[in-house]
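Okay, so here's the structure we're looking at.
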Amino acid sequence: MMQKRNQPGLSDRSNEPPKFAGIHTFLNLHHSQRPEDLKESDFAVVGVPFDTGVTYRVGARFAPSAIRSISGSIRPFNPVLQVAPTEVLNGLDYGDAPIVPGNTERSMERIRETIGKIVKYEALPVCLGGDHSISLPILRALAPKYGPLALVHFDSHPDTWPEVYGEKYNHATPFMRAYEEGLIAPEKSIQLGIRGTFRGPGDLEANERIGFTVITAEQLLDMSSSEVGRRVKETVGEHPVYLSFDIDFLDPAYAPGTGTPEIGGPTSAQALAYIRRLSLEQLKGVDVVEVLPSLDPSEITALAAATVIFEILSVVAAGSK
Amino acid sequence: MMQKRNQPGLSDRSNEPPKFAGIHTFLNLHHSQRPEDLKESDFAVVGVPFDTGVTYRVGARFAPSAIRSISGSIRPFNPVLQVAPTEVLNGLDYGDAPIVPGNTERSMERIRETIGKIVKYEALPVCLGGDHSISLPILRALAPKYGPLALVHFDSHPDTWPEVYGEKYNHATPFMRAYEEGLIAPEKSIQLGIRGTFRGPGDLEANERIGFTVITAEQLLDMSSSEVGRRVKETVGEHPVYLSFDIDFLDPAYAPGTGTPEIGGPTSAQALAYIRRLSLEQLKGVDVVEVLPSLDPSEITALAAATVIFEILSVVAAGSK
Amino acid sequence: MMQKRNQPGLSDRSNEPPKFAGIHTFLNLHHSQRPEDLKESDFAVVGVPFDTGVTYRVGARFAPSAIRSISGSIRPFNPVLQVAPTEVLNGLDYGDAPIVPGNTERSMERIRETIGKIVKYEALPVCLGGDHSISLPILRALAPKYGPLALVHFDSHPDTWPEVYGEKYNHATPFMRAYEEGLIAPEKSIQLGIRGTFRGPGDLEANERIGFTVITAEQLLDMSSSEVGRRVKETVGEHPVYLSFDIDFLDPAYAPGTGTPEIGGPTSAQALAYIRRLSLEQLKGVDVVEVLPSLDPSEITALAAATVIFEILSVVAAGSK
Amino acid sequence: MMQKRNQPGLSDRSNEPPKFAGIHTFLNLHHSQRPEDLKESDFAVVGVPFDTGVTYRVGARFAPSAIRSISGSIRPFNPVLQVAPTEVLNGLDYGDAPIVPGNTERSMERIRETIGKIVKYEALPVCLGGDHSISLPILRALAPKYGPLALVHFDSHPDTWPEVYGEKYNHATPFMRAYEEGLIAPEKSIQLGIRGTFRGPGDLEANERIGFTVITAEQLLDMSSSEVGRRVKETVGEHPVYLSFDIDFLDPAYAPGTGTPEIGGPTSAQALAYIRRLSLEQLKGVDVVEVLPSLDPSEITALAAATVIFEILSVVAAGSK
Amino acid sequence: MMQKRNQPGLSDRSNEPPKFAGIHTFLNLHHSQRPEDLKESDFAVVGVPFDTGVTYRVGARFAPSAIRSISGSIRPFNPVLQVAPTEVLNGLDYGDAPIVPGNTERSMERIRETIGKIVKYEALPVCLGGDHSISLPILRALAPKYGPLALVHFDSHPDTWPEVYGEKYNHATPFMRAYEEGLIAPEKSIQLGIRGTFRGPGDLEANERIGFTVITAEQLLDMSSSEVGRRVKETVGEHPVYLSFDIDFLDPAYAPGTGTPEIGGPTSAQALAYIRRLSLEQLKGVDVVEVLPSLDPSEITALAAATVIFEILSVVAAGSK
Amino acid sequence: MMQKRNQPGLSDRSNEPPKFAGIHTFLNLHHSQRPEDLKESDFAVVGVPFDTGVTYRVGARFAPSAIRSISGSIRPFNPVLQVAPTEVLNGLDYGDAPIVPGNTERSMERIRETIGKIVKYEALPVCLGGDHSISLPILRALAPKYGPLALVHFDSHPDTWPEVYGEKYNHATPFMRAYEEGLIAPEKSIQLGIRGTFRGPGDLEANERIGFTVITAEQLLDMSSSEVGRRVKETVGEHPVYLSFDIDFLDPAYAPGTGTPEIGGPTSAQALAYIRRLSLEQLKGVDVVEVLPSLDPSEITALAAATVIFEILSVVAAGSK
């Protein structure tokens, strides 16, 4: 599947247009929704500007645009992993899923359909949220093809509440729904960075009952990144993986632009180190969610999101060489 | 119904706590949801922090809080109308309607119920949006008691689209729905300040077919405030009135913190002058909507909303003396 | 040249993707740089993210992106002029000119080349600055085809200084250079809105010597929009026109996001009214410049820029029907 | 007293350092506190970074710095009045009065002393507030020399409360104290732009009893600038004048960065027009107060303050030629 | 004293109103100032919106409101300490102390009186500053009942200057005054996180003379949280404790919204870890001070303050079970 | 060269003017450009407000002003190093170099000239950028006197690209140019903190070929500050040193106000610790660059820059005692 991409060589890069110029796509990838292009692609970036599932500060609908824009400042080569992911992998920017603001059910159906088109061609969907509720329809598109997935979930919140305000579908519940719908394999799944306050002791008990491995932020900050990598590997095994990265996994100092921040989290350097220790040969889907641009005039949250995706793509590319 | 309120006299006012201090209610009104307090009230302020109906920039759920906070800077006496509205009228701050973020239908039902409790005691509901979709459930609570209402609608948008993205209930459609449900009397209704761009010529034709009187911003800016008052009076007559004030009626210079601004609008001085020319003896309900605090670090939009409400209450109070 | 565009009908518009979604082009126009598409186009929008010519607050390089983004909130139909410009006119978004940050000379040459490609096919270049220095290379691309142009220049500054800090090419000098290079016809040219402070009495004397008609802000605010239209018409006659709109023409209340604001300017309603009174049958080029997004968290400056362009296109479309 | 200043000629101005560079003084005036320099000066700019007198949003202590910084964007020549004030008048920037944050009494004494040093040499003190409480100690420095002054007071608030929270000295009371202390001549004094809400009918009655002429914002917006100039002239006569300009005189759209904004005010163009109609031959002191920089990321409020001072100096300079 | 609170069970929590809705009290506690409610309370939250004691960036008067607002995002259960503090402890939100902006002496007296009312009923006062000068009147209310208190002081500054600008009462001096007035037991007191620049070597010598234990930030960052807990325990012993937490204890990355930040401080995760190691059986009073909301559009500073208080209450609750 | 400065004693410091007051110079140093003052100076602070060399987010031209302003909050004594640098060393604030916005070549020549005047008197130039391109002309002024310098370079970027967009002189190339021009001694030079993405593997290879020692951020975060100090010492030896500190060396959480942030960097506490371990007896020049104030409303980036300079001066002062 992986093939060297036919691209202008690096030596010409200093003559490229400036990074703030032009029509913004993620990493300046080619924008296309054509099946023939998807067929040639190893991955497809999809914006999912849906934030109706948010229970507190809202505005993640503008995140795909903000992440695309700041991604222009990312250069092609990853010096730690010694790989240029968009040269090793063929990728495109699919644009945004045609969500319906205010209507969760219809939006979820459209997200599922859109991701389905990408999954059909075995391209890796790389999804720019939107709020965390979007993980559910993405998993609904993936599971029919790959079976229940191993969830690798970076977040400050477990997102496994039974419901909120009497609502079953929103950004606090996607992985409970995914579990109930059989989209994820709980005993192969792991959550990292959980912290903050809960509704009660039942919040984490639910996850244990389900079978998730949970590493709280307090535990995480006492572990080395190698240990973290090992724990993820032990849990996930050779299972197909879905990687969900809520930007509020990071401490709010590193990601101030998010709706429901929780203090006491890891640094961005730690996040990158964890990602580099992941084995992502079986990666089938990715989302990075909960960026809320209007709360961060410095745009460092969107930059963190874009860099996290670049790092994930680098790990994939390094593994595929 | 109107009776002099039993309140500390003005002469003590300079010894009051500072306007930034304390638990914020609108105009520092007493907070209560008790029927016996509602029974004694001429008006009740209700926050409706619902913004799931928004199609573009979102966050009006924080507007009730922002408007309450800045309302602390408003003093009791209106020198133009020579009245202290909260001394002539009994009012309370009911708190917020228990909306369900992300679920329009359930939220609308809860808003209707909440307003219904106020209407039951013939208190005037003064609603702090939230987005403009909240006008519909408020009207649903009012019409059973007062019959179809005369709509006096300040806005840059007609809000009478048939649907958006296939959705019938959101901030672009409330008055089409209200018309269809028989909640408003179209020939007694008037829209002021309409401007910006439309989907097509059909947008305003719909309003004409319905029977609304429409004064566009271009027409409005060529009229005196007395003419505006006369046109409203001619249209509304002695009918019970619902006054809906979308803060984007104001030019964005005067209300930058709003989701869907349209340039080319009136000033705040003009808005106040129009309000003072209204005859509001038959006022049955009020909303001020579409304030989006996170887009306005100076808080002048929330201040405009609070002042508009104060001015409306002043007109009511002056008329009741 | 003008032909009805083959486009989805208006009735489908409510089912379109939300205005914040997708890859942003101006007014969601098709993005293309292909000659065959230019050949079919009545106008081409071009971003010119160049701000090295700025002498004070800098950052207009991000304006094309900001204007494209907010332009998603503009709907297709202009109700005042009763026209849907992008349905009457064929247009595309060409993307950005490949400028070189920090190098004025090379950037100007690239801008000239880029605009030249559009002018070659007789499409109208609609340029999103960038700072005001970009007008010079645009005029250099236009004049060889159309001869010296009549300049219709909305601005608070005359932009006809001989030089600044010993530099001849920057945002304070474009029209002095254009005059010297014979690109504009001074006696057919008019400047509107000039105000603020000057270096000395010589600043306006230069313009008089050159032959420009100058209407200061003080004069403008005493004139009706019809008078303004008449004065422009009298000056310009039947000459080919270049319309340059510096966003600081507007009072800073209406355009806070700009580098060199001057208080005491017109409102956005006045600006729209002036534009509607223009006769633009001979329009050969347009720029809207000096938007500085980082200074305006409410984005009303970018919205004003986008709306001004929409209004100009509407006038052109209305005249071509 | 007035003499042509020995300054570099205007023709060299384009070779000056950029307006954002260097150590910021007001209008790049020479910074000095030496008596021999004061003796040669027609006016002295003094920062008064005192905001302990503020009852609501606070931070005007940073206004002198912000106004000095943005004043770098003002060029030397006023084209409406055809004068370059800093060439006709000798001026210096004295720096800031050594106030004591948190201690009103000691600060007022230091302000009085500082202004006294300037008044001693008959230089015009031009004071950059700070909050409006600073007018009192400035008047205490002026009255011993010039007798009770005619107050020309642009503001949305009367600032003549008897006390606030039991406190007699703060930004709501300076002119009541000044009246009681015999520092102003009430029948020669005029207040323009008063609006917003009052504590009760007594607020303006106090001013009438005192003898002030009051033009409310509602009245002002119905008058031409010539009428305004005439009314001021009639009130003030040939009396020595103190001009106090609270930036919240402007509508918050034009001055969002202020602590206690009131909607419904005049534009900056109107403010400039009023100032140009003033006869300021007898001007003995000036303050511009209540700029709160942290609330205005666009800095248009500080720009308005700087421009208002420049316009006042221009009127003085034009009158002295 | 501690008794299980009669509250709705946790299982109903998902049907609560949204966290952004309603009249904001701290953690949605009941608002009351009635003696009978205080008598039943284990703790009372009191806002102290006083910032006249600030020597640099000002605006902490808005902190109680901001902390209350963001505290709505905190859920009832602390998973690290396995306790739901507001269910173990009875608490209320008293509202704000009736301070007098601009008058330190009168404000301090009112703060002392207000806290005195709470102390009278042996409820724990949990104070939301305001600036750090408020610690003095709080200690004045506590010491008469409990004797000199052991101070546990998290801060980047020692706050033991003899005076500033000749003033004895402000945010740089509270603990020198408290020492002089015999309100604290210096040999039982400890300061953690001190860093930044001093006026001279005398600054810390004063603290040593007084008898305070001081752990600088440089020392702190080299210690484990257990060591920190041990050092505090060794110093404090069984003495009644006053805990004062200046938010600038945190590095400015974690608390950008504060008046006098000092770089080089601990993370929020470290702060939480230190708090969890405290023995707070003898806690008699708490303040969290120096949050300055207008400098932090992301609100992460107010969130840190709210979470710190929640963690302190959790430690108290866990100790009382 | 070093002599005790004739200054007011520390004991008077509490009577100084407030830190927000007055005309801002760096650390309130005397402002002078007179040769006789330079002759007496150990160091001279020079603003270099040049940002034409920026390839992405622009506005560092306002950094000297922002750093000077916030430096007022720094007190004279460094408690870690037990030294008051401005009392041990004679220093002045020279003001800004007279750069030409938009013209790199002329600006570089003027910067070189300005620094040359300082170097002439053997004062240490302490330069406030501006973007990183300014290091080149500073080195051009230093090398003729001191020979090729040992570069100690804190940065997330190597800044040794051959060119960008075909341009040789900008903020991505200064040290390649300095190497080519023989201004630095590569084998004595060290870069610390390099991270983020590269154009390709060649980016670091170039540095190795040149002879630079490079410690990437990943390596740095695994080293103790003593090791870092040792590595720098080993590299630099007794060579004359140029210290260049790009504020984006810090993680964006600690320095959000910068143009090209890279996540995954060190904390400010780490940066201070590294600086304290430097041996700076041979320090010949310093710059701190790439602060972009408009992106950081909390001003913590400018504070970090000011504190870094204070720490460097402290190390120099401690070494000279």
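To keep things simple, chains are lettered A, B, C, D, E and F as they appear, and every chain counts its residues starting from 1.
In the analysis below, contacts are C-beta pairs under 8 Å (C-beta built on N, C-alpha and C of every residue); 3 or more make two chains touch, one makes a residue touch a chain.
Because the structure is a prediction, the values reported are computed rather than measured.
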Which chains are shared contacts of chain D and chain F?
C, E
Contact steps required, at the very least, to link chain C with chain E come to 2
Do the two copies chain A and chain C share over half of their interface residue numbers, or under half; same or different?
same
Rounded Å distance between chain B and chain F, as computed from the means of their C-alpha atoms:
55
Between chain B and chain C, what distance separates the C-alpha centroids? Give it in angstrom.
38
Which parts of chain E, given as residue numbers and ranges, touch two or more other chains?
18, 20, 55, 57, 61-62, 100-101, 165-166, 251, 253, 294-295, 297
Looking at which chains touch which, would you call it a line, ring, star, complete or other?
other
What's the complete list of touching chain pairs for this entry?
A-B, A-C, A-E, A-F, B-C, B-D, B-E, C-D, C-F, D-E, D-F, E-F
Which residues of chain E touch chain A once you look at their complex with the stated criterion?
10-11, 13-16, 18-20, 73-80, 82, 84, 251, 253-254, 267-269, 272-273, 297-300, 303-304, 307, 310
Under the touch definition given earlier, write down the residues of chain E that touch chain B in their complex.
17-18, 20-25, 31, 47, 49, 61-62, 64-65, 68-69, 93, 95-96, 98-101, 294, 297
Once bound in the complex, which stretches of chain E touch chain F?
55-57, 161-166, 195-204, 216-218, 221, 251-253, 256-257, 260-265, 295-297
Touch list for chain E against partner chain D, complex
51-55, 57-59, 61-62, 100-104, 106, 165-167, 169-170, 294-295
